[in-house]
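Structure provided below as structure tokens; questions to follow.
Chain nomenclature is as follows: A, B, C, D, E and F, assigned in order of appearance, with residue numbering initiated at 1 for each chain independently.
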Amino acid sequence: MEHGDIWLSSLKTDGPQAGFKLAVKLSRMGVKLTQPSDEVRSHLRAAYEQDSAQLMAASHIIAIHFQTVAAANNWWR
Amino acid sequence: MEHGDIWLSSLKTDGPQAGFKLAVKLSRMGVKLTQPSDEVRSHLRAAYEQDSAQLMAASHIIAIHFQTVAAANNWWR
Amino acid sequence: MEHGDIWLSSLKTDGPQAGFKLAVKLSRMGVKLTQPSDEVRSHLRAAYEQDSAQLMAASHIIAIHFQTVAAANNWWR
Amino acid sequence: MEHGDIWLSSLKTDGPQAGFKLAVKLSRMGVKLTQPSDEVRSHLRAAYEQDSAQLMAASHIIAIHFQTVAAANNWWR
Amino acid sequence: MEHGDIWLSSLKTDGPQAGFKLAVKLSRMGVKLTQPSDEVRSHLRAAYEQDSAQLMAASHIIAIHFQTVAAANNWWR
Amino acid sequence: MEHGDIWLSSLKTDGPQAGFKLAVKLSRMGVKLTQPSDEVRSHLRAAYEQDSAQLMAASHIIAIHFQTVAAANNWWR
């Protein structure tokens, strides 16, 4: 991601599954903006992907973002 | 889950119990999209299912998703 | 709980105290659906009931479900 | 608390400070309903009251309940 | 804080920055009402202020209260 | 940040990406107001930026603030 890149232009998605995918992306961007080094994140990923507590922490953050995305899409009603 | 599979077409459910079941599914998908390997997840599951702190973490994530699903269904009023 | 049992037919309750009780139930069901073995859960309960951090984790999950139940009941206004 | 006691008849309070106090009560009731023994809870309290991480966990739960109570009172506008 | 002191008369603030400050205050009051001893809290503070995990826990609680305060102020729109 | 500086005049942003950036800022301000020393925070940052659990904690807080900012902007609909 170069400075000035657009990575989030809208919270609107084509249905809930795409919304869930966006929630995953937002969760990762929260980490990326805190630790911008691709190298450090790759290194850490190798560890946490084998750690169920951290996988749950990831799922937890996704759940929060999914609330936001779902509300933005009026729950795709 | 093959690439392109539809696993979430709607947040609407037939009542709150089906909504709770969907919340459980969303919670698991958050883990699955972070760690796609069925083998690794199976391995981790054996451990965390015996760990009350992690069972509570799972229940916590389910609770957040249940908020979303309940709102999407107008609380099944 | 046998397969197909109805355990959650409505989020409506007779007032906030019954709503809180339902939130406790939902919190436990989140654990039960993740670890269905009564035996394992009984075993774990003996430990976590003596652990203040885990009691707080339980109270935390109850709080999230109580938000949902309260909203479903229009806060019993 | 005897079985059948009424401890929560309404989420309405006289202003936000009373609402915060109710949030503290709800937080404690979440623990109490999970661990009903006064003796065990007293014993645990002595420890967690000296532990900043657990004090923060308590404050966290209070914050969630305060959201609920504030919404129930239309934010005392 | 003496018994009966008024420390929270309204959730209304003059803009979001004052709202954030109120969220910090609510976060601290959640700790204070759980551990009323100024001496114990001062002692704990010396430790947790050097602990990034606990600083994040504090920031987390502030975030939840800020949601409440922002909603109470209709997001200062 | 000098005393009296304005760092948050509005929750309105030009689109969701700027909103996410604001959520990151709010997350950091929650830490800064709890630990005002730039020196201590710099010291802690060096450690937590290498710790995946703490990076997730940061992402978690960002997610909560993003809910608030998104609601304030009517989800940029």
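Simple rule for what comes next: contacts are C-beta pairs under 8 Å (C-beta built on N, C-alpha and C of every residue); 3 or more make two chains touch, one makes a residue touch a chain.
No experiment lies behind these values; they were computed from the predicted model shown.
If you take chain D and chain F together, the chains in touch with both are E. Least step count on the touch graph, chain A to chain C: 2.
Steps from chain C to chain F, minimised over paths through touching chains, total 3. Superposition on CA atoms relates chain D and chain E by a rotation of 60 degrees, given as a multiple of 5. Distance between Cα centroids is largest for the pairing of chain D with A. Mean C-alpha position of chain A lies 28 Å from that of chain E.
The mean-CA centres of chain B and chain C are about 16 angstrom from one another, to the nearest whole unit.
Each of residues 53, 57-58, 60, 64, 67, 71 in chain E touches at least two other chains.
Taken together, the touching pairs link the chains into one ring where each has two partners.
Residues 6-12, 26-31, 33-35, 40-41, 44-45, 47-48, 53-54, 57-58, 60-61, 64-65, 67-68, 71-72 of chain C are the ones touching chain B in the complex.
Listed in rising order, the residues of chain C touching chain D in the complex are 15-17, 20-21, 24, 49-53, 55-60, 62-64, 66-67, 70-71, 75-77.
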